[in-house]
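Some structures to go through are shown next.
Here come two complexes built around chain A, the first alongside chain B, the second alongside chain C.
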Partner chain A sequence: MTPSLTKAQCTALVVMVISPTALLIVPKTVMGYVAQDAWISLILSACAAFIAAWMLGRFAAEAKSGVPFPKWLNESSVRYLSPVAGLLLAAYYYSVASTSLHEFTTFISVEVLGTTPKIVLKGVAVLVLMYAAAKGIAPIARISFLVLAASGPLFLLSTLLLLNIMNWHKILPIADHAWNRILLGGITPLGWFSEVAIVLLLAPHMLRPKEVTSSAVWGVALVGIELTVTVLQALFVFGPNLVQSMEYSSFELVGLIEVGNFIERVEAFFFAFWMMTAFLKLSLFFYGAIHLLETTLKLPFSRSPLLVAMGMLLWLDTAFSWPHDMNQDLTTNTNTVVLLVFNLALPIALAALYWLAGGTKPSKGGSDA
Partner chain B sequence: MKQGVKLLALLLLLSLTGCWDRTELNELSITSATAIDRKDDRWIVSYQVLIPSVVSGAMGMKGGAQLPITVYSTEGPTIRETIYQSTLESPRTLFFSHNRVVIIGEELAKSGGLEELIDVYFRNSDSRETVAVLITKGEGRRILEQLMQIQIIPGDGIRETIRTERKDFSALPFINMYKLAMEMTSEAKNAVIPEIYISGGAPVTSADQMNKTTMTSKLKLGRLAVLREGRLAGWLEIKQALGANFLRNQVKSTVMSLGCGKGESSKESAIKIINASTRVKPVLQGEGEPIRMKVDIKAEGTLLETNCKADLDKPDTIKGIEKQLEGEISEVVRNGFEETQKLKADIVGFADLIHRKHPKQWKKMKADWPERYSQIQLETKVDFTLKRLGLTSKSFKKMIEEGDDS
Partner chain C sequence: MRWFGQLLPFFRSSGRSQQGRRKAQHSSSGAGQGPARSADLNAALSRSLKKNLADVRRLLGDSADLTVREIGGSEGDSVAAVLYLESIVDSELVNRYVMTPLMEWTVGKLTGDRIAHVRENLPVGRLQELNKMGDLVTYLLNGYSIILTDGVAATFAAATTGGERRSVEEPSSQTVTRGPKESFTESILTNMTLLRRRIKSPDLRVESFTIGRKTGTFVNLLYLEGITLPAAVKEIRDRLAKIDVDSILDSGYIEEFIQEETWTLFPTIQNTERPDAVAAGLLEGQAAIIVDGSPFALLAPSSFVKFFQSSEDYYSRYDIASFLRIIRYISFLVSILLPSLYIAITTFHQEMLPTPLLISLASQREGVPFPALVEALLMELTFEVLREAGVRMPRVVGPAISIVGALVLGQAAVQAGLVSAAMIIVVSFTAIANFVIPTTNMSAAARLIRFFMMILGGTLGLFGIMSGLMVLLIHLVSLKSFGIPYMTPLAPFIWNNMKDVLVRVPWPIMKKRPMVSGQHNATRQADSMRVPSGSDRKREGGDR
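Moving on, here comes the complex of A and B:
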């Protein structure tokens, strides 16, 4: 394992981990709770996420460059927790990859490829993920940075093209809902923000692991801005009532872009771009599951057999575990609990135990590169 | 081994082609307009379908040439089943992504089937929410059958007509499916749809009828249908619709005519109004007291035509015209608003306004809003500035009179 990630690449990876799925689910879920006050919930949620990102970043910054997270944990004061934490996180990353792949293929199926069997869509996606995981984290990071750089102007362009149909008065009345409800509305986005915990996996790959805290906070800030602007766009265009019934309001929005008779039906362009971000997220989680498994279990063979086995498992799991496409409860409520437990509770508990037990103990160090 | 991997990679590429969803252009029926009618508990959906070979080959139509469109209808118990019934009579699959307008039959609007129609649009990705929505008296199919001379595809023509009207005359709003859904889910739950009708005599449905300089009938935009809780409640005449549009702050540009002095009934001057903006401020009075709405309209304009003798070089004359037009706009707004009050249909968004400005009071008055709306007192203040007089300052009539005097 050769550390190669820069701070900017790590920030891009944090954004790609949170943004693709949150962009689909957050507007509908949060407006379902607090209608036009959704942006307040989001800002509060982002504030809580900043604190979480800082804490997780500080913990991740303790990592040694080039030493995988489970191995570093194994050399620390909480080494007895290393196998459990490694396996739990591997299971979690696999689970997120599986759920996100299901959401991704459902979206593709609903919006674009309605007749293509989903088992084929999932199979093709799994092949891409296997290829990405085989190449390692460096190419995923480089592509993530390029996609992040391109997404800024694209986001700005979509906002500008929608300006003429926006009505900012729809934000009123502000704070119309009780504060406990506004806070409740922030829980689902917090679940997605908590995916910043990926920095635990990324820090050892960084050239300077100490910079991971800054990457985590910047990543959350960028996604916070993106989600808040997306929610405001949907609110200003559709109003709070309509968004609550829209599965993919972010894409409904770009479907409205019309400039005369020559710029219309541009959503295909945005679909294509979003698909890139979704593949990056899936690749990262699939890579995470593979990486954690091979380092926790100290597998004596090369990555290829594990990749093939996990790829097959992911394909069959996503192909047969979801009898219905609509899993609203699972993808919002249950998923939020899982996200908060594995991204916040588990790492924070590890961090607390790590610091209570005296941090990193002198070790022989080393690398499994 | 390496060759085996390459072969496998090549084979895998086959799975990326998306063969299942491939669609050939010659397998599609591209609809340019759709009409939805309701008869008892049955849906009747009519389609204006393009004939691509004619559209691409014959931009200028000759007498006896094939028409670029064909119209047919299907009937069924639900909208989507009705659409699928078309497979029984058409060799091609209906394709709605290029559908430009949806015409709603009056009976459907009366029976309250719009919710189902909107559901179809929001549930299916092949139907676009940007489609323009219009309403017609009688059956919608008749509108689809009517041909247009200037625009080869009538569906396109209808959409462009309403867009042009909104841009240049602004009496009728451009309503598309998502705006209709937004209005129907607003606080007042009322909405509007512009009317389209066939003006004149026998409908023009064949190429022979088209091959004349004057057609026996034409498609024309008419009144504004008012929907209360998803059902047709009444109609606003074009001037009333303009008044309501001022209150909705949706007047982009329009033209109004004036007499030569206050109280003159014959109109001899025309003024183009631009940059109009309306601000409405609700004033809630005591319990049981009617709500007051302070309406502040600002606009600018250009003199387009006059046959009055007044001296336009004098500032007092200009001020007089401005005052006169301010009175005219006030009158139009008041008439339009009073008509909506009679219908107890808040189509101007006052409910949303009160909800935004006075959320606590709104909760109390929400239940009997139609009644409260019908009692609202409108206080209109118009500030109009005549910016330009055109390329001549005197009317031609005055020039002739001055010539006679000298």
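Moving on, here comes the complex of A and C:
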């Protein structure tokens, strides 16, 4: 493992981990709780996510450059937790890859390829993920940075082109809902924001792991702005009621962009761009699962057999384990709990134990397990 | 063995050329020529003139173009001989500077301490003393005249290389409207001259290799000391030294042997027939490889963006150069994606088209018996056939291809309802866009990728295209060229090197060399160089 990630690349990876699925699901879910006050919930959620990002970043910054997370944990004061933490996180990353892949293919099936069997779409996507994971994290990070750099101007442009159909009055009355309801609305976005915990995986791949805290906070800030603006756009254009009846309001929003009579239906470009970000997210989680498995279990063989086996498992899992369309409860309530447990509770518990037991100083009784 | 240093005395040979020399020795010993012959070549020269002549004749199989001119003594026996291959020497040089002095000398000067006399009095600039049969044969095969004398187990090789050569002409594949009009030739000496004229720096290093057991091809590795990354030079040197094949007939052979990744469609080593492009590459920290017999030099390490830069970008104004460069990138994307997008949208995503356009396309496709994918594949393959025919066909019948291709096939196919007019437009525009890419190997890569994309677009629509693009991107950012990331300075992103990537900024702003240059000596302009402004001009005028 050769460290190669820069701070900017790490920030881009954090954005790519949170943004693609959150962008599709968050507007509808949050508006389901607090309608036109969704943007307040999002801002509050982003504020909480800043704190979480800072804490997770501080913990991840303890990592050694070039030493995988489980190995680093194994050399620390909480080495007895290393196998459990490594396997739990590997299982979690695999689970996110599986869930996200299903969401991804469902979206494609609903929006553009209704007649193509999902099993084929999933198979092709898994092949892409296997190729990405085989090449390692550096290519994923490099592409993420390019995509992030390109998304800024595109996002700005789409906002400008929608200005003429926005109605500012649709967010009125402001703060119409009770504060506890607004806070509750922020829980689902916090679940997505909590995916910033990916920094635990990224830090050892960084040239300077100490910079991971800054990357985590910047990543959350960028996604927070993106989600808040997207929710506001949806509110201004459709209003809260219409958004709740839409499956993917962000996609519908871009579909409204028109420039004269010659540029219209640009959702194809949005779709293509979004697909790229989704691939990056899936690749990173799939790579994370593979990487954690091979480093935790200290597998004596090369990555290829594990890659093929995991790829097959992912394909079959997503093809046969999920219902035809994932229901709303699964994507919001259940998923949010899982996200918060694995991204916040588990790493924070690990961090607390790590610092209580004396940090990097090995505990009494031996060195390597 | 210093023979190559003598062969090209005006090159500054560096201490690192030892490897190349060793390689030359290895190849001249003829690894694949059989044990008896190998032993013959390694043998020392005999003191007997007759034996030496007999050995040479035997080793060359009594070759018809081997000329042996014996010089007789008073007793009628030969005391010296001049050997050369008539086909590759300059007869004028041989007669005037080798034969005439030897004939004019008395027999006494060819006996006794003859070696010293020949060394001191033969009016030839490049004269090499040899004492092995293998070296003698190597020099003979490279156009040298060999002077053998009786009673001495040594010989001299005089540089008389000649034979018919193509003169320096205009480049045929990388033409420019403004800029130098010279191109490399098949002669490594001529090519070195073209480069030496452009870079008059003592830092230009030349290392020589002889590669190819049968062809014994001269290969020169050039770089600028202090500018080219030493690690990259070492890597190239090592890879060149490892090549052990029987023949090298063009730089294309070397390219495939030393490239970082074989299983890729993308070129990771540039080739050019322009000396100015090679000089620019050297000044930007690349190393050049020149192969005798090939008018195409190689430049490495190379990045993806280098294949979109044309020599003319630096000779014309920065504004038009930048505009054209953007056009090239767009053309590359069009070349890869346009047919596949057309297929995907007309097959799977019709709702994405504006209604009038959709109606127009649907009416054109009405009656076409093939799906869009088959239609596009047929048209693209037809174009590739026409293109290949155009290249191979004698020039006088070339225009016929245009007529047959454009009028007969295109128009007739539309009229017969086999393909739609829109498809003809898409395929034609794609083909034209492909020609905009300034390097042929990158445009070839685009042509091949286009077919994959068409199949993906035709089977899985936009999802297939994006999946293909994702794989392509991962592949591109994973590639390296002699340790340098192929997509640099885009990925990894290096802001300071972006001045000559998507656009070319004015020369005074490009103070630093781009990514491939070494850590030291990165600055190529004095600090005083800056973009002149109108007020500067006025001030200068006022001072006067």
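The rule we apply is simple: the second predicted complex is superposed on the first by the 360 of 369 C-alpha atoms of A that agree within 3 Å, B and C clash if a C-alpha of one lies under 4 Å from a C-alpha of the other, contacts with A are read in each partner's own complex, and residues count from 1 in each chain.
The definition used in the following text is that contacts are C-beta pairs under 8 Å (C-beta built on N, C-alpha and C of every residue); 3 or more make two chains touch, one makes a residue touch a chain.
Because the structure is predicted, anything quoted here is derived from the model rather than measured.
Peer 1: Considering only the touch criterion stated at the top, classify A:Asp176 as touching first (chain B), second (chain C), both, or neither.
Peer 2: First partner only, chain B.
Peer 1: Would you sort A:Phe238 into first (chain B), second (chain C), both or neither based on which partner it touches?
Peer 2: Touch partner of A:Phe238: chain B, not chain C.
Peer 1: What is the contact status of A:Phe50 with respect to chain B (first) and chain C (second): first, second, both, or neither?
Peer 2: So A:Phe50 meets neither chain B nor chain C here.
Peer 1: Quick one: is A:Phe155 in contact with chain B, with chain C, with both, or with neither? Answer first, second, both or neither.
Peer 2: neither
Peer 1: Given the touch rule stated above, what does A:Phe279 touch, chain B (first), chain C (second), both, or neither?
Peer 2: After superposition on chain A, A:Phe279 lies in contact with chain C alone.
Peer 1: Which partner chains sit in contact with A:Thr116 here, chain B, chain C, both or neither? Use first/second/both/neither.
Peer 2: both
Peer 1: I'd like to know which partner A:Thr6 touches here: chain B for first, chain C for second, both or neither.
Peer 2: The second partner, chain C, only.
Peer 1: When the two structures are overlaid on chain A, which partner does A:Val124 contact: first (chain B), second (chain C), both, or neither?
Peer 2: In the superposition, A:Val124 touches chain B and chain C alike.
Peer 1: Thinking of the overlay built on chain A, is A:Arg265 touched by chain B (first), by chain C (second), by both, or by neither?
Peer 2: A:Arg265 contacts both chain B and chain C.
Peer 1: Report the partner of chain A that touches more of its residues: chain B or chain C.
Peer 2: Answer, by number of touched residues of chain A: C.
Peer 1: What is the shared patch of chain A, the residues that chain B and chain C both contact?
Peer 2: In chain A, positions 112-113, 116, 120, 124, 127, 264-265 sit in both the chain B and chain C interfaces.
Peer 1: Sort out for me which residues of chain A touch chain B in the complex.
Peer 2: 110-117, 120, 123-124, 127, 169, 172-173, 176, 238-239, 241-242, 245-246, 252, 255-256, 258, 264-265
Peer 1: Taking the complex as given, what residues does chain A use to touch chain C?
Peer 2: Chain A reaches chain C through residues 4, 6, 8-9, 108, 112-113, 116, 120-121, 124-125, 127-128, 131-132, 135-136, 138-140, 142-143, 145-146, 149, 261-262, 264-265, 267-268, 271-272, 275-276, 279.
Peer 1: Help me check something: in the complex, which residues belonging to chain C touch chain A?
Peer 2: Checking each residue of chain C against chain A gives 345, 348-349, 351-354, 460-467, 469-471, 473-475, 477-478, 485, 487, 490-493.
Peer 1: Taking the touch rule as given, give the residues of chain B at its contact with chain A in the complex, in rising order.
Peer 2: On the chain B side, the touching residues are 12, 15-16, 18-21, 97, 122, 125, 128-130, 178, 181-182, 185-186, 352, 355-357, 359.
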